[in-house]
Each structure stands twice: as C-alpha cells, then as structure tokens.
Amino acid sequence: MAKSQYEYVKAFETAEKGLLNTWMVIRLDGHSFSKFCIQHDFEKPSDIRCIELMNHAARSVMKVFPEMVLAYGQSDEYSFIFPPKCNVYGRRKSKIVSTCASLFSSAFVFHWATYFPGSKLQHPPSFDGRMICYPTLHNMRDYLCWRQADCHINNLYNTVFWALVLKGGMEQKAAAESLKGTVSGDKHEILFTQFDINYSRLPEVYRKGTTLHWASEEETHVRTTNKAHQPSPDEGRILG
Amino acid sequence: MAKSQYEYVKAFETAEKGLLNTWMVIRLDGHSFSKFCIQHDFEKPSDIRCIELMNHAARSVMKVFPEMVLAYGQSDEYSFIFPPKCNVYGRRKSKIVSTCASLFSSAFVFHWATYFPGSKLQHPPSFDGRMICYPTLHNMRDYLCWRQADCHINNLYNTVFWALVLKGGMEQKAAAESLKGTVSGDKHEILFTQFDINYSRLPEVYRKGTTLHWASEEETHVRTTNKAHQPSPDEGRILG
Amino acid sequence: MAKSQYEYVKAFETAEKGLLNTWMVIRLDGHSFSKFCIQHDFEKPSDIRCIELMNHAARSVMKVFPEMVLAYGQSDEYSFIFPPKCNVYGRRKSKIVSTCASLFSSAFVFHWATYFPGSKLQHPPSFDGRMICYPTLHNMRDYLCWRQADCHINNLYNTVFWALVLKGGMEQKAAAESLKGTVSGDKHEILFTQFDINYSRLPEVYRKGTTLHWASEEETHVRTTNKAHQPSPDEGRILG
Amino acid sequence: MAKSQYEYVKAFETAEKGLLNTWMVIRLDGHSFSKFCIQHDFEKPSDIRCIELMNHAARSVMKVFPEMVLAYGQSDEYSFIFPPKCNVYGRRKSKIVSTCASLFSSAFVFHWATYFPGSKLQHPPSFDGRMICYPTLHNMRDYLCWRQADCHINNLYNTVFWALVLKGGMEQKAAAESLKGTVSGDKHEILFTQFDINYSRLPEVYRKGTTLHWASEEETHVRTTNKAHQPSPDEGRILG
C-alpha cells in the first residue's frame, strides 16, 4: 500500500481566503437553540447562566487567537473579529471558521457544569460558523450595530412576551397576538404600566449583549465589558 | 436603533458551495494533538480509549447527518463522506464544515469521561475542518486509500519506534536514528525478531483505522466495522 | 519610484480554479446580439454568414487550445469543452475564460469582412464568458443536450414567426399572438400547410447548431460536423 | 427533445463576485506580445501606434462601462478601475472580466487599420484578464504605482538597450550583458553621454504610460491625460 500513488487526491483541496486587508468576522450561531433552551429549561427570555457560559467559551476562543481584537455575543451567537492586517492561518476561511466553531463548542461543553451545576447537559450542542469580510471600519461598525440592534429588538420583544405569559397569565398565542403591530414605545409602555418594569433599567447585558476585548497590557486577561445585573442608564453604541 | 439601516452588511456574506454531483468529504484533524496526547498521557503508539472516543464522536456526527454514507477515522483525524446527490445545507461549505467540526468537538468533550474515567480533560480540544470535493468514485476511493495508507505507514513506524524505546530501552533519538532508511519489511522484521510481535496480527483497528457506515435498515444504529483487539489476518482494502 | 514597495498588491490576486478531474465548459454569449443583428441587417431567423463567421471564430479558439475536445455553437453563443484531465493554465477560471472570450471576439472581427463582404461592421461586438464544471460524462452530455434543445426550440419558433411575418404578411405582434400556446406539432403544421415548409428538411445547421471536433490525426485541421445547406433527415443526438 | 429535463445543468454554474465595497480592478495583458510585436515589426522600445491603438481600445471599453473611474495602460496591458460602490453585473467576476477582455480585443482588431495603415494584422491577438479587489484607496493607489513603476523600469531598460543595439551597433547579447548590474542612474548616464538623450525629456507617454479618465460633464468624451510626443519635465505620481 504505497501512499504515493494516492497522494494526488490532496491536490483537490481548495483554500478560499478572506480578502487581504479586510476585517474578518467569524459569526457562530447555535444550532436549533430554541429547542436546546427548552430542553434545558433555560430562563426566559434570557438565562444569565447561558450568557455567562457563552462568554466563557468566547474567552477561550480569544485566548487561542490573540490576533482577535473584539468579540460580540448575544442570544445563541458570537462574532469574533480579526483586524485587516491579521494573517492567521494564511486567512484560510475553512481553517479559521472550523477552528473557532470547534473551540467554542468544545469549551461550551467543557464549562457547562460550572454554569449549570444542577442541570445535566442532554446532548452535545453545536454551532455553525461563517466568515464575512468587511473592507472598511465603517462597514465593520455597522456589522456590530446590526447584531446589537438584533439583540435589542429580540430582547425587548421577548421581555414583553414572557412578562405577558409568565406574569400576566396570558396564553403564548394570545400574547403574540396582542403584540402584533406594536412598536418599540408600545412595548416599553406595556412593561411599565402592566408590570412596573422600566426596560431601560434592565441589566445592559440583556439589552445590549456582551463585548469582549483585551484589557490593558498590564492585565493580560480578557475583559468583559458588560457586567450582568448592573443596570446602566445610557444606551451606548458599539465601538462608539 | 433601527435595524434596517445596518442590514446591508448581510449582503457581504458569501456562500461557497461544494460542486454539485461530487462527493463531499469533510476531514477534521485535531489541533496540536501531539501535545494533547502527551498532556493526557495517552498510550503509545495508540490509545484505544482515544480511538473509541473519536469513534463515538464520529457516530454523533453521523447521527445528525443521515445523508452521510461513510466515515473513516485514524490518528487524530476523521473524514465524513456525503454522496454526490446530497443537498445538505444547499452544499454550503462553511455551514457544513463548521457544523461537523463543532459537533465532533462537542461530542468529544461530552463523552470524554466515559472513555477516560480516571483522567481529567485538561482543556477544551479543537479540530479544524475542510471540505474536499471528488468528482468520481475512483477519486473518492483513492482518497480513502490515501488516508488508510497514512494510517498504515504511521502506525507501523510508531509501533516499532515505541517498541524500541519502551521495550528495547533505547533513547528516542537513537530509536529514530536506527529507523532511518528502513523500509516496511525491515520494520516487520525488527518487531518480529526483537520483540516477538507479528505486526499483521495486531488488531486491525490500529493498523487500518475505523470505518463507520450505516447498518442494514432493520438495525438503525451506526456500526463500527473494525473491532478493537480482534486481530484479523487479511489486510483488506477500504471500500474493496 | 522603487517597484518593490508596491509589489505587495500582487498578493491580493486570487485564482479560482475549475475543480480537478471535471469537464470544464466555457460558454460565450454575444452581448445584446438582438440589437447587433438588427443593426447589421442579419437574415431571419438565422443568417448563415453569421453562423459561418461564428464557426470560424470558434475554430480559431480551438487551434489555440488543442486540449479542447469539442465545441458547440448556436445562435449567438459557443461552448468549448476541456476534458477532465486537462491542466491548461492550471485550470485558472479567469485566465481561461477571458482568453477564450478575447480570442473569439478578436477572430470574429478579424474575419468579419470575409463573411460579410458588403456589410461594414458598425462597432466592436463583445461576448461574455463563464466556466462551468461537470463531474460526469452524463452531466456533460446533458449540458450539450440542453444547449441543443435551446437551439431547436428557438429555431422552430423563429422559423414559424418569421414565415408568418415575412411570407404571411402578418404584423410581428399578431404573429407572436397567434403562436401563443402552440406546441411543437402545431408549429410544424403551420409551416407545412401555410408555407409548404417541411421543418425537418431544413438544413441541420439551423435546427441543431454546429459541433466542432478534431479530425483524425492525418488531417490536422478542425472539422465542422454540420454542413450548412445540406439537409439531413435524421435528428441525431449530441455525442450520441 | 424536451428542454426541461436538461435544465438542471444550469445549476452547476457558480458566480464568484468581487467583494462588496472594494475597488475592482480588471487587468488585461496581451498574450505572447513579445512575439506579436516582432511579427508586426513594432518600433522599439515602444511603438506609438500600438500605444494609441491600445488607448483607443481602452476608451471603447470605458464607453461601455460608464461606472469605470479610471484606466491605466502601459506596454501590452491595461487596467480598468470600478469604484467600491459599483454594482455592474452584480459584481460577477467572470462576466465582468470576460466582457472587458472581449471588448478590448474586439476594438483592438476593429481599429487596427486606423493606427497601422500600412501593416496587415497577421492573426487575431488575444488578451487575458483578471479581477483584483482592493479594500482601500491606499491599496488602490499602490496598485497603480506598481504598474507605473513597472512601466518606468521596463521603459528605461528598453530605451537604453535598444539605443545600444540600434544606435550603438552592439549585438543584443552584448548590450544585455553591459547593462547587467546597472542602476537607474547608470542608465540615464549612458543615454546622455553616449546618445545625447535626456531620458526625462522623452515623452511622458513612454515613461509613464497612459491614464484615461472622464472629462468634465460638459465634454462627455473620454480624455487621455498623457499626450504622446509632448515631453514634460516633471515626473508626476499616479493619482497624486
């Protein structure tokens, strides 16, 4: 079984690369997380244990890739950002994306018990990944704004929805029905008048997601910008 | 924070696809596994616990992708094969590759304790992934022959090397030196005369790796072809 | 102005390649040929001078690429076929496609006066190009059947349409209206009963297009299979 | 011959695109132009008729693509620049590159007789093409500097080389030998002392190539910046 006669098959490999001098973003997203959250009885609309586990997994990824400048997480997704000058793995898309997805998933399972001490992980979860390249800082910021706006809209909706269901005693169907056509202001209003919740005083981590970046050189660890349970009144812009 | 003004950034996503009507192979490979094996005190040259954990993780992947027709594993790598007609995830490379890498890693950590009951996992391991497309069955078979030949060559070498070191008491450097320039026959000879080992009677799982395929329809579970510790005299060809 | 400080920009080039061991097809298609045909007062539905000029241009392309095994032309398009083993220009898509489009266009203009002696070329025409890879001979044949079926359908329609207009004295709008909903048999019928035209006796070159392949080794020139004006009763299949 | 059963082959087409919001450069380059120049007895080192024909062909391309902001030509090559916002043909690489290569070649042949009235075109020439994407204006400028530096270096070398051969009576081999190891200053010196040529007084069009851009809105034609035979003392930078 001489290996050489078969080695020609290696030449079928391709290696698509992220365009040089562009920001490379890797976004991971949990596979069928809606189901996963129900299976594991996550708190609604957001489970702080899940957020912190996601953040821990994201820190594990960043520690392996010191070139990353920022990571942003919300819901079941995390985005990792490599700067334009970065040449990690020759910018090979598959290599970078698969390694990030692998590391994140591996760390998620690895640290599960720390964040869900009483809850057994039912099955191995998975996260898909993709790379997107952005040529300008402006595009890069808009990407983060896009993901953060997604966080904001979903979280506001989910917060009202679950308030109506869990505190207001409505059926899920009726709650959904009653929210049809409502705008942002209406939802704030419902929360405030019916449930005495000032939405903008809820912890930032729920409303805005989590940004990870490197701390100053003296401290070499990753720092999490948004601290859970510490409400903050101002709605800052990402990278602003 | 209207989401719509940022949504244009979604258009920067690309979705490279595996060419239609070709075999799609996903190969995963452990990141820095040489180090990982030492850190976890794996048996040399192969640790059956690792092989069985890898196989378990691979079965987890196959169960999520019933379209896969075969998987082949050896050393720290696993290859998964989708047939030409398969349209999973629209054949998107990143989506498929990242999901496989994620699932495999997740399952590897998830089942670690089952296969390494006394050994704590030190850190989350990772596996990179890539997709390779083969237009013909002939190329597809040659791919598997290539990986199996790799298994064979490395395993024969490592078996002699570690016999010389662990049983023969040689220094690693001296063992490596003494094997320079030896051909396959020489290595069989050394094993047989110096260590009374008939290489071709060693368990197939070490010499040939593991092939996973679907059992007949009655049984719906994944079946592992090569059983560890059951030596078999004939060196069959993959897919032969 | 030292060149070296700028040479880094060369690294931004990418070189997508046709997957190894697949058939590579280059299809060229005339840009806005409907307009071009009117501007140059082409005969309707097909102008044999145009067909022969296209064939000449295609032969020029084939002579530059002896690796091509076949070319097929109809209407304002031509497809060139490289076999799976071919390694021309390392299978770089842009290099191959652009060279074919360039050569074809260049030859089209170069030989214009030979085929249109009395008619001045009004402006430089252009042809776009693309590469498509087919993994199997079956797919490759179906591609040619697809293009030939396109030829057949369009030519049958155009033949009836222009008969109605040019010989039947109908307005173009009325002719188009009268053909709505008709099937192939209806069109044969109209041609036969109203214009005494037996469609299947019209020259093959109009009904089937032109296939170019290499003649036997003794003759080293390119041979055109379909001869214009020589009606042939049987409708052969491409590559059949 | 129903077309529908074959139409599935269309799905094998791919459409790689230039990354959004990047500069798209199309560079065309003459195939085997060294030979072509000899065959057509071009003047050495540069033939102004060829330059002007190339410029004319390039203007033809620009007129078809009003989105182009600039074109730069030298030797047997031309680069065409689309700005980041441009969405021509959905930014499809093959479509854009092949159309440019086709148009340029077509126009080159079309206008040949105007620039080479006494000289018959021997055979249809061809130009290959590629697309390169640049994320920043800085990269875009460096690209043009790279091509202009290439022009400068080659033109200086060729000017001295052909002066030594044609005016100095040296054999080509001896001339090449005598220039080995010489730097820019040496070549200026040889030209000045031996042939009374002040290199920087030679027409810019030879030393710097040609830049095409759109004239002010009042005039709607394409304007050629560098005028042949009009020496200009200052060596301006591209886009500077």
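Per-chain numbering from 1; labels A, B, C and D assigned in written order.
Methods note: contacts are C-beta pairs under 8 Å (C-beta built on N, C-alpha and C of every residue); 3 or more make two chains touch, one makes a residue touch a chain.
Here the structure is a predicted model, which means the values were calculated and not measured.
**Q** Most remote chain relative to chain A, going by C-alpha centroids?
**A** Computed centres place C farthest from chain A.
**Q** Which chain pair is joined by more contacting C-beta pairs, C-D or B-D?
**A** C-D
**Q** CA centre of chain C versus CA centre of chain D: separation in Å?
**A** 30
**Q** When the C-alpha atoms of chain A and chain D are each averaged to a single point, how far apart are the two points in Å?
**A** Each chain's C-alpha centroid was found; their separation is 48 Å.
**Q** Using mean C-alpha positions as chain centres, tell me how far chain B is from chain D in Å, no decimals.
**A** Spacing between the chain centres: roughly 51 Å.
**Q** Scan chain D for residues touching two or more other chains and write them down.
**A** Residues 12, 14, 19-21, 133-134, 139 of chain D touch two or more partner chains.
**Q** Quick one: which bits of chain D touch chain B in the complex? Just the residue numbers, please.
**A** These residues of chain D touch chain B: 11-12, 14, 17, 19-21.
**Q** In the complex formed with chain D, which residues of chain C make contact?
**A** Residue positions touching the partner: 1-3, 5-10, 12-14, 16, 28, 31, 60, 64, 93-95, 97-110, 121, 123-134, 139, 142-143, 145-146, 148-150, 152-153, 235.
**Q** Please give the residue numbers of chain C that touch chain B in the complex, ascending.
**A** Within the complex, chain C contacts chain B at residues 19-22, 84, 133-136, 139.
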